[in-house]
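In the two complexes below, chain A is the common chain; its partner is chain B in one and chain C in the other.
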Partner chain A sequence: MTTTLERPQKDQPTSDRPFKQSKRIPAGSVWVVWTLAGLALVTGFVTDLGGAKGFGLAWLIAASIPAMSFAVEGRRKATDRFVTLLVVTAFTVAVIPLVSIISTVFAKGFPVMSSEFFTSSMRNVVGEGGGINHAIVGTLIITGLATIISVPIGLFAAIYLVEYSEDSRTAHGLRFLVDVMTGIPSIVAGLFAYALFVLFFGEGVRMGLGGAVALSVLMIPVVIRSSEEMLKLVPNELREASWALGVPRWRTILKVVLPTALAGIVTGVTLAIARVIGETAPLLIIAGITDSVNTNPLEGRMATLPVFAYSAMMNPGVPPEPSIARAWGAALTLLIIVMALNLIARLISAFFSPSKGR
Partner chain B sequence: MAHQIEVSNLNIYYGDFLAVEDVNITIEARSVTAFIGPSGCGKSTFLRSLNRMHEEIKGARVEGKVMSNGHNLYDSAMDPVDVRRQIGMVFQRPNPFPTMSIEQNVLAGPRLNNKRLKKSVADDLVEQSLTRSGLWNEVKDRLNKPGSGLSGGQQQRLCIARAIAVEPDVLLMDEPCSALDPISTSVIEDLIHQLKDDYTIAIVTHNMQQAARVSDNTAFFNLDGVGKPGRLIEHGPTEILFSTPSNPATEAYIQGRFG
Partner chain C sequence: MNKTIQRPGDTIFRGTAVAAATTILVTLAAVGIFLTIKGIPGMTASPEEVKHGTTFLAYVAPLVFGTLWAAALALAIATPVGIGVALFISHYAPRKLAGPVGYVIDLLAAVPSVVFGAWGIMTLAPAMRGPYAWLEDNLGFIPFFAGPASATGRTMLTAALVLAVMVIPIMTALCREIFLQTPRLHEEAALALGATRWEMVRMAVFPHAKSGIVSAAMLALGRALGETMAVAMVLSASGVVTFNLISSTNPSTIAANIALSFKEASGLTVNALIATGLVLFVITFAVNFVARLIVTGPNRAKAAKS
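Moving on to the complex of A and B:
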């Protein structure tokens, strides 16, 4: 140990490696360009210039930022600005379909919305009037039942996988099956539910509960996977802390692990609901469609929003316009329910998440 | 109520890896035993095997006997949950429950075991445990705030309060002061002094002065090389071990001339 580290002395000049002061484009002008590009994009979509041309124009305008930057700020900054432009472009491309869907559904669905639309069914309605009350009720009942079936099964399976299986062969097999189950086409889930209920009730069975079973087949793997990920995120130290206090395993899971993971689990479940609430094919097979309110999931056909929208579009009757308008109204209602679910998921996860504050 | 712990021929494994080999030691009741030794020699592993926390790691197992109060803790009839109720533990890294407030963290032992406590009894227990761990004055105005909002050292003292609130017979502490400032450290050392009137205490520490200050007996662990199992080199009354160690490795370690 003979080498001594040279430390700069206080009185030595420190200016031989000054920080580089580089020129910068004023932030204000960058924002002006971004705003112009945004305006060009919107103009393209709103006027008859056309979306594609608007997009191209916007991109040309925005591309002036890296160009200016290269001239003024130098290469590294210009690259940074160019990559920013690419990221913003990708984001815009991803958002355009979303905005387009939402605005179209709102534009076409909003006009039919009225209190009558939500409170009455299609019973004895020909032409104008009528509503989707029966479909809303059906959707709520069927998805509600599907949730009641899927959440316990999914959550318990996830608890088994994370807390008890110790990565055994059974666990690997189970995970594989869950992955396979995630890929089941929804029509197959519907056919499965139909075949199952035919065993008990005979050919041609139509039943809300059958729809719930079909949706559960689609929901369970999603719930298992998301809950499993959330339970895995709970640090093992918390479990050990609890065990060291002489708390049995099951109580540790109930009182320590689940509360810690609750926010994530609830979010996962809500997203799983949002995922299946728009399913059409399986419900078309097993729950069918009807014009009147049916609150009994054990008896007869039950209308749901997606199936209602489908059949109102496909068999609009004469004249077709009122029926098609109602289909858009049902689609908008479904969209609003899904958005509300997402919002609720966020609120719940904010409410339940372990607080970090002082 | 405090019992001594007699360990005989204990081998501790992680899967096929023998981490600690053939430990024979008696940890005396109503006294403090310090475990010292270089990093990775198996002090934490040994400590965790004393309340059967070791087996919670996948593939981990032990061979040998750990006797306490006339029972072999590793007897097949023994319930690890009961063992842990009698033998409490403070971990090397603080781990308060993030979903619980400071107060709930202290009461976690009784509450998670579904014991009903009267409000006044619970309040007393919280104040008493936090006072003993030297945290009361810092948190008495924010008992309802989350325990994870405390500083690292405060969290560690919260975990100590949580461990003593269940009043175990034996308390195992794995470097309880490694994240603490000198003032909190001396509070914890005072606590250990107090507790040893009633409890059996085993403490892992890297701080020789601390081992000398708090412990009645000291056990020195060492390992021959990387991948070799850790072994108990020698143990005995702290003054003797520190003044006249019988093994040159112990002397070298204690005097800081190591390796």
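Moving on to the complex of A and C:
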């Protein structure tokens, strides 16, 4: 090793492009500038300087890094540092509204939360008081029905794609259509459910089951995609071993493939539920809004959390304040449910499939 | 395959799987067919029979414009930011930070749209009043900022900003996946040749990710086109066609218009609304179709090559 290290040193003087140690700005000073910029940003939001000015100030401070670099290190390194600044800026720009959203919902929604808020409906409530019990019940029923419709269809379609299709042309086409179906706008799903139910129940139909159908249209492609990924991860050796023992194909799927992929499938279904539970537009069209608890999905309007939040905020009545406060409470409840579902999905996949990881 | 004994269990199971797969095709077709059946009376209805009092074409044209305009604005804001955040997670952030940040971004993609809408109308719109007045005073010569600046802040630009905030997590998640798939050897080769980090990204990561970025942008566009509640809540719309971003008269979008008008609609007006929904379906279908073609096309070719 030592000899190979020494040789270039001997050769160096003869080389026509001698290696030059490039100048660098010390790493410590870079961190000092980043910290200062971060402080300026925080000050802007905390004090009455204002977020915009704080952001501008922080950016100017941080911009001194590429400027210094241009003077000391040259153009290429300065460009590199400038792009780093841009990337960090993009990150900050993305994070600020997201922090603002979460903090607003918690700040405005939390004061409303009480046991009365969760146990009472809006029936005969004018002004203060009332709650979201009817909306929670509606959301649970409609989302539950949507899950009952979507999971068997989605799971079996995924089984078809992975176990039976043998990568045929049909399978490719189907996969493609499922991908395209993922992009159906939620309001179009709502209109579809309305157009379908009008055929059977006549003009102006509103019912919980329609909402479940609309949500299923949105949920099925998500379930298929995630289940398919999970079924693909099951090693082929397991299937072959089972076939070799004379186990029929369907029992192999039922007893070997599905149990192996179960944790992943449950994770995918949970995420799919989290995705559709917050859907507002289709439910606004087909499930509508009401003030009382309705537990019959085949009869009449059914309130849901997102639609409740929407209508309480947009049509608050007089005086508007209590209604808007309830809207924030409903929004916070919804947000907590979605976050909890995501966390559950994360935990399931972390506990049951340790080998899968990026 | 042909010589295996066909057990009844197998036949049933296979049949169920095929039936489920067929359901997908039937559903997709049914969405198109039902919207068409219910939409055609609305398209052909005479102006006197519907609430909006115009022919369907005159009704839907400003809405299509508003939909495309809002989505394009949102995409123009979200694409650079989304790529930046994805790069931050995949190549710039310290590894310990990148994991949690990626998880939080995934979480945010799941935040319900009504929450974004509520934030847009209650927090963002009031906060934008000052900047809009400033834009009108200082940049009013540009048609986009001609004003008069909205007193409520509920303008096209606010709606586009909310849409951008909504699609940034999606853009980020898709781009991050693509950036992480860059062959490690290409990156290391670039660095070994003395490239700075940015030169490495430009020479190794971006060429590899080009088609992926385009399709991510298209998918985000599809999402922005169909987004309903945020626009319905934030935008104060009046069915005009204008490029003015900061005034209080704005074109509505198809989705928001359906959500706002459906409750009070009856008779042929409902059919007209469904017909606008069909137009939206066709637009998003086309956008998603092209996006998926971009994704599968080159990748398949690449897989065949290697």
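Just a few scattered comments:
By definition in this document, the second predicted complex is superposed on the first by the 253 of 358 C-alpha atoms of A that agree within 3 Å, B and C clash if a C-alpha of one lies under 4 Å from a C-alpha of the other, contacts with A are read in each partner's own complex, and residues count from 1 in each chain.
The rule is short, and it goes like this: a residue touches a chain if its C-beta (ideal position, glycine included) is under 8 Å from a C-beta of that chain, and two chains touch if they have at least 3 such contacts.
Worth saying up front: this structure is predicted, and the values here are computed from it rather than measured.
Within the superposed three-chain model, A:R251 lies in touch with chain B and with chain C [touch as defined at top]. Look at A:V266: by the touch rule set out above, it reaches neither chain B nor chain C.
After overlaying the two complexes on the shared chain, residue contacts for A:D167 are found with chain B alone; chain C is out of touch. Looking at the shared chain after the overlay, A:E240 reaches chain B, while chain C stays out of its contact range. Judged by the number of chain A residues each one touches, C leads among chain B and chain C. Of the two partner chains placed by superposition, A:A40 touches none, neither chain B nor chain C.
Counting contacts by the rule stated earlier, residues 248, 251, 358 of chain A appear in both its interface with chain B and its interface with chain C. Only residues 52, 76-77, 79-80, 83-84, 86-91, 93-94, 97-98, 100-101, 104-105, 108, 152-157, 159-161, 163-165, 174, 176-189, 191-192, 194-196, 198, 203-204, 217, 220-221, 224, 248-251, 253-254, 271, 274-275, 277-281, 284-285, 288, 306, 309-310, 313-314, 327-328, 331, 334-335, 338-339, 342, 346, 358 of chain A touch chain C when the two sit together in their complex. Residues of chain A touching chain B in their complex: 166-167, 235, 237-248, 251-252, 255-256, 259-260, 354-358. If you check the complex, the residues on chain C that touch chain A are 7, 9-10, 12-14, 16-21, 23-25, 27-28, 30-31, 34-35, 37-38, 80-85, 87-88, 92-93, 103-104, 106-108, 110-119, 121-124, 131, 161, 165, 168, 172, 180, 196-199, 201, 219, 222-223, 225-229, 232-233, 255, 258-259, 262-263, 266-267, 270, 273-274, 277, 280-281, 284-285, 287-289, 291-292, 296.
By the touch criterion stated above, chain B contacts chain A in their complex at residues 51, 53, 56, 58, 81-82, 84-86, 88-89, 91, 93, 95-99, 108-109, 111-114, 142, 145-146, 148-149, 159, 162-163, 166.
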